[in-house]
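Worksheet: one structure, shown below.
Labels for the chains are A, B and C, by order of writing; each one numbers its residues from 1.
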């Protein structure tokens, strides 16, 4: 098995986690024009909830679901009570509030659980799979990541494409005023959107934690790569989030593998510059499509 | 207050020769006088402060300069940057490497940190001119994340994780034998702050400042009226970067050390937050923002230390208070602290106009 | 029946609408005419809750609705077709239509949609296409069709003729008349194009600087040359 294939597979596995974070960013951005930097902290907080439950002998998958629900509620409450009052003023103010939330939540996690690095159980083995005597770089857990992300994305696309609720959410995101005139309760849709986005973030946190460990700012780096992925994809396109995540994950894996891991962050910047020079609003943005 | 707002001309009075009056009417001269007065007051002030207070005060200076640059870029020209921490890093390493490898005088090193960063900022500006809003924020954020890692990649040059030592300059003889390097550094900083503020204040009143704002308000109309939007944006980015670079150079001197940890993404994000809280687009807001960056965490940790908790808890609690305050200030004062100050001044003026 | 009594609204310190009163009976069309900035759009936006009313009342069939949230007003059966068509460009034609009846649980959406496609034949072949691919006339058809999906009692239209070819305008006006008669709609028709609005309207009000300056039958206003010259410019 050559390095090339290993780097590719690791890249896909990491990239799917970035896709989830990117999706969380996109879901919120396209409905409220806010970049939710607090997503990292919300994901981390939800993961800590799962870790606490697992410590108390709650089964892994129950804890997993509980963390998703917690993420959902955290996102919904944040939108309703923290973001709603500032959203209307200016997007920049809302971004600063999100940054304030990030600092606050990370510090509170430090107060509650301590700032120490801790392991997070992965349920599936992290040891590379064996095929015909050669060990691959991907493990059972990576396959689990693929499965979870695929299921989640399918569920979300069914929700958005084929349900009344999804139609109302998309209408609220694209044209809030028109949606209100058609009787859609836009405020509720925004709350729901934040909830879903942060639940996706919680899943990203649960999937990343076994690899990046669990501590109050463990998701900061993942968030920035997820943000990179969202931008590459075009900030308002869920499909773009998936593709952007995979591109980012694979590219960083190759850069890290062939050139050294300390160049990954520089690589992320260069990829972003190259993509944005070619398409200043990302690859899949509907804004640029519409102007044609 | 040094802002771009034009003040009404005083009605001509009998006193004073006409030439002197015209000289005072010049914004550059007036701002310079305000600056010199501030400098003198500052010098008198530090004579009454202990060494630690002076050290604290000198932590504010680099942020004031960097924030002024960021505020001009974002508030006056409409370009957002989450990478000003990285630009400060460039200025800091420029100064440090010059100190290490050359025998340049201090003033030359400070100018060099501004100029080198300005060149880098112009390059970044070329990229930025094609990007808008969150796309620009993302690109600059990625820079802020990536740049410190370059210093660990080339350890022999940049000193790796530990970074490099920076020597603080000794006080010159004319300040008296008792003057410490800390006091001297505070004075150097205040000079830099005054120079940068006066330059920016005048820039914003000039044609260039009007171009900046025109681009911010309506790019298409500006382009149509014959002003090059990309060129204006690159210029704004370069000037803003120059301020960040100078701030970074001073930051290195105050810290006595430059290391990648000091210029993490957190610094860039804190700068943006401080700018908004101070009052986006105002130079006075840069002072408020810088003061908040230094004093609020300090005040919060003093507060939590009194609660006699264990160290990790009290440190985190201080951070939590800081985060909470960020949210609270934006909710209470969407225009930042300078917004409140202006409101108060406005109300007071109205009160004076209509007594009773 | 749609009744408006002494409705006022402001944008900050600027009073955009002052003490406007009017009534639209079932199966009747009232045209709202006036120059740019007379307050026509503000009147509709205030009625449907997008601009807060400063004072005054409005009711539909006796039920007060002013100061309720926009989505509740829509759910009372007041359809507002905003200026610039207001179709959601990113959604397909069919999705836009579905959205029109999204809050109604008691409507056969498929049948309703088939009916709209019959009214506006050009829409049918475009059903799966995003709305930004439609022409201006087709977008207006979609916007009106979408408003009809929820079987509204009152319909407020903001400049449906804007930017359309005269022939298209005429057909849309004729259709409005027909729908109004068949469905028992109360229609409030805001128009700059006074001539074509007066050709279908029963009554008309003329707004100037946010005030009602004339309120009469459409016929009388059509025949009053001086008034037409003064306020309507034809």
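Here is the rule we use: a residue touches a chain if its C-beta (ideal position, glycine included) is under 8 Å from a C-beta of that chain, and two chains touch if they have at least 3 such contacts.
Fair warning: this is a prediction, and the values are worked out from it, not measured in the lab.
If you draw each protein chain as a dot and join the dots that touch, you get a simple line with two loose ends. Chain A has the C-alpha centroid lying closest to the overall centroid of all protein C-alpha atoms shown. One finds 33 Å separating the Cα centroids of chain A and chain B.
Chain C has its Cα centroid 53 Å from the Cα centroid of chain B. The geometric centre of chain A is 43 Å away from that of chain C, both derived from CA atoms. Within chain A, no positions touching two or more other chains are listed.
Chain B contributes residues 74, 80, 127, 130-135, 137-139, 141-143, 145-147, 149-150, 152-153, 265, 269, 272-273, 276-277, 280, 312-313, 315-320, 322-327, 330-331, 334 to its touches with chain A in the complex.
Residue ranges of chain A in contact with chain C, taken from their complex: 164, 167-168, 170-171, 174-175, 177-186, 286, 290. Per the touch definition, chain A reaches chain B in the complex via residues 29, 35, 37, 82, 85-86, 89-93, 95-97, 99-108, 110-111, 114-115, 216, 220-221, 224, 227-228, 230-231, 235, 260, 262-270, 272-273, 276-277, 280-282.
Per the touch definition, chain C reaches chain A in the complex via residues 48-50, 69-71, 74-75, 79-80, 82, 86-91, 95, 98-100, 102-103, 132, 146, 150.
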